[in-house]
Amino acid sequence: MCRWLAYSGTPLLLDTILYKPAHSLIDQSLHSKLGVETTNGDGFGVGWYPTDSDGSDGTPALLRDVGPAWNNRNLRELADHVTSPLFFAHIRASTGTAVQQTNCHPFRHGRWMWMHNGAVAGFHAMRRDLTLLVDPALYSEIEGTTDSEVMFYLALTFGLEEDPPGAVARMVGLVERVGREHGVENPMQMTVAVSDGTSVWAFRYSSAGASRSLFYSSRVDSLRRLHPDIPFLQEVSDETRLVVSEPLGDLPGAWNEVPESSYGVVRPGADAMHPFAPEPV
Amino acid sequence: MCRWLAYSGTPLLLDTILYKPAHSLIDQSLHSKLGVETTNGDGFGVGWYPTDSDGSDGTPALLRDVGPAWNNRNLRELADHVTSPLFFAHIRASTGTAVQQTNCHPFRHGRWMWMHNGAVAGFHAMRRDLTLLVDPALYSEIEGTTDSEVMFYLALTFGLEEDPPGAVARMVGLVERVGREHGVENPMQMTVAVSDGTSVWAFRYSSAGASRSLFYSSRVDSLRRLHPDIPFLQEVSDETRLVVSEPLGDLPGAWNEVPESSYGVVRPGADAMHPFAPEPV
Amino acid sequence: MCRWLAYSGTPLLLDTILYKPAHSLIDQSLHSKLGVETTNGDGFGVGWYPTDSDGSDGTPALLRDVGPAWNNRNLRELADHVTSPLFFAHIRASTGTAVQQTNCHPFRHGRWMWMHNGAVAGFHAMRRDLTLLVDPALYSEIEGTTDSEVMFYLALTFGLEEDPPGAVARMVGLVERVGREHGVENPMQMTVAVSDGTSVWAFRYSSAGASRSLFYSSRVDSLRRLHPDIPFLQEVSDETRLVVSEPLGDLPGAWNEVPESSYGVVRPGADAMHPFAPEPV
Amino acid sequence: MCRWLAYSGTPLLLDTILYKPAHSLIDQSLHSKLGVETTNGDGFGVGWYPTDSDGSDGTPALLRDVGPAWNNRNLRELADHVTSPLFFAHIRASTGTAVQQTNCHPFRHGRWMWMHNGAVAGFHAMRRDLTLLVDPALYSEIEGTTDSEVMFYLALTFGLEEDPPGAVARMVGLVERVGREHGVENPMQMTVAVSDGTSVWAFRYSSAGASRSLFYSSRVDSLRRLHPDIPFLQEVSDETRLVVSEPLGDLPGAWNEVPESSYGVVRPGADAMHPFAPEPV
């Protein structure tokens, strides 16, 4: 299991979100409160979209490494120097899979990024069957050995780039079908974030209806009225939004649980929350 | 702060002590109960003396790495394949010093190994003064930046190889004097283990009289009478002994606290416990 | 491409073979003479069988890491302290595949070890097809992304543990067939060593008949007559044998090329060289 | 010994300079032509100043790691996504000193960056004496064990932030004096680059008058006249300048050797070359 956060809004130094909050993701890497494991020290990753035209090709940049986030100096350096309007961060607690860079989230395909907390129960036994169902044209891009990466490539196979909620629903439907074929009643446990650089889709679902925690931040204009004295809230746009595995602090009114079997969309204009159900395939 | 263990006795696969116990050192790397930090994931080290003539030169072998012990595959491999009659293991929780191999314990000088849990309060400010007092002939062997390594080289400067308790007493005396010169009333906090391959000396001391925990295992012949059903106790010699930062389990009668301001000597023949006091230098 | 060596004979400190020779494998990691790449710095591995009953389960031990061999301190430590009668060592030059521990040779399955120099041409495109042909019961053991590991699991699928030469012949036959299906005329380029802890099989083959270099050392009794003044030759048994990607020095009479399309067997009793041909499957 | 480059001019994606040239620094990490070692795989570092106000504090950002540059994915990611008007890059070939992040160049102090190719002959013996001469207020910032970092802190001690050429001259004078006291006639071998984010000073000097290679690029306006067909030269300002250990390609007229015992200053306005001589202290 793992912890993650997705940020979208006013371009900020990564430090503002990654290190500064009282119960920041870096703090969670040592002392998670809501995670299955209290320690998330088996690698980490940050993926960020550039502020604006910086001569790059529009794909997100990744920094991933195999040690813990809390003592990584390169992460500290980037957080102090990189500004982004949309970024993901992930800290990993392996459940046995190798601790290697190619198993660190976020995963990337073109402009798309994906990260996951949870697990496919029985994945070791189902790995071959699930991997075979990945589009052969995508197969050779799989570099690691996690369930999370296979989920991403299955979602891409099912049209993630055209219809993210539908593709994720079909991916989950497939995992549940293959799970049943292997005698696993409730194989899926997931919170997932995926982005194309403009929108963020965040899913909370588990086959057994007991999903890992997921929260989203309240609209900044509401929070600003509640807490007129917090400078940070003056500096960011109304639409700035965080989605997190667990709250970064205990500011009253700031955090709302994503309901079971739901997904949210964060994008310019109006955000939205929708029910989520697997689609049989 | 850190956690460590020292083993001396019947040659064993490292696995037996490092991984098998319920609250093994590997478990402590994730969930320390008595440590200042619950997570000890900033590097680790194992140092072992060979079982007998193996063509090597009698110095202990070291495996040290910068990631956490709990997910390190090379450590797992060695634990499954290396047998030793005397070994040290250490898991590190850095208090800011760089996480690098040269800061991982144990430290080695010829046949001697040294490891430490604790800290010299105010070390950052005192580092120059303390390092200058290391024997110039030894100075260039210092490879890292920890207080622990400087303590080792000061003890070597004060005759560790001839009189371990005396040298450690003088090292502590010096640190306390330099501490006072820098306005630090109680600079020393330490549990230390040191060995020459035959004996192990284990020290528990702090300037303020509030030392980190340290325990030694009861004599095996007594434990065997208490627990005749535990196979492990049938397999190891009466003289087999463990010294640990925190107990590896909760076997009744197995663990005894090293008293404040004391040191123990584990060696062939009779072990002994003595009072410890710094020696002014 | 890579460099490797396999040692079988009188138990020796690894250092004697890994570091001491003039053109040792460690030297080759910086300055290979016969390799496709002069630098082999993308990870390394050593696998060794224990000297005798050491309480371990008879499987070989592995030390593998992602940095270069030439500056690795843990490798230096093991070489100075571990003695073995049969060991493999491998230095890697990646041709694009991720540099991660699970891509470092040797690979292990139970008591068996495997290492490879060469490449399957077009592997990226053929990876899916080849991986699908691995025995589903073995599939989930695949941890990395190299052609070398897939070759190992295909050989295991084809009965490596019962008939090593036959299984390797069928594995190569399969790769050549799948290669042709993908329009790759000459897909296989390999020197491979495999061992069960008693025998070593070493293969030299390429589809195009232009295989990477492979050498075996002359019998020690012959060498001893040629070079009566070399102490090393007095200390090792007549049957001691090395198989290497390139000679470790230029001792006259010491090194013999393994012929194209051949394999040798090194085992207690008489060693032997045989022709090798792929077996269509 | 090592290789390095310093870039100053039109803000560019790091990739343009680090990876794209025919004989790029990344290529030099595998195949240096003019270096003492052909392989520079013992760690690397990049330090860059931000394009403009990015919310950071004006200090340069560092990415440093212990593996080779040629296979490092985080470096590849940054090169593809970070744009900077002034950056340093360095690849290391250790001569025995530990391969660890704190020994990787560039070193940083506030807004200042420093990198070095060369060595202080006899440094192991002189390390204590040289380190003691570092300003005690700076001593505790020394994190590694290289001669290069001690040279930086000595230069800071001698006023680098006010008078870079004078401070470097005094640092060299000191090293030569301490060298003589240790019986080392010609201790200094160096090419050094140092920057405050606005100017770059590049020094070429050795006590024996046989300094490692150092080159600077010709003015872009001259090059543009010579090579009107090269798009890159159309895109960068006249003042864009590179200083490199060895040329990044063989464009006629592009590269000029920095004379022995000289230093150059690259800054907005007019660049300049001056003689360099140690200053006795």
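We just call them A, B, C and D in the order they show up, numbering each chain from 1.
Definition applied: a residue touches a chain if its C-beta (ideal position, glycine included) is under 8 Å from a C-beta of that chain, and two chains touch if they have at least 3 such contacts.
Here the structure is a predicted model, which is why all the values come from computation and not from measurement.
Although subunit A and subunit C share one sequence, what matters here is the overlap of their interface residues, and that overlap exceeds half of the numbers used. Looking at B-D alongside A-D, one finds more C-beta pairs in contact between the chains of A-D.
When the CA atoms of subunit B are superposed on subunit C, the rotation angle comes to 180 degrees (nearest 5). Note: centroid distance subunit A to subunit D, computed from Cα atoms, is 39 Å.
Counting only residues that touch two or more partner chains, subunit D has 73, 98, 101. Taken in their complex, subunit A has these residues touching subunit D: 12-13, 50-51, 54-57, 59, 61-65, 73-74, 77-78, 80-83, 101.
Contact residues of subunit C toward subunit D in the complex are 30-31, 37-39, 41-42, 66-68, 70-71, 73, 94, 98-99. Looking at the complex, you find that subunit D touches subunit B at residues 98, 100-102, 124-125, 127-128, 132, 136, 139-140, 142-143, 145.
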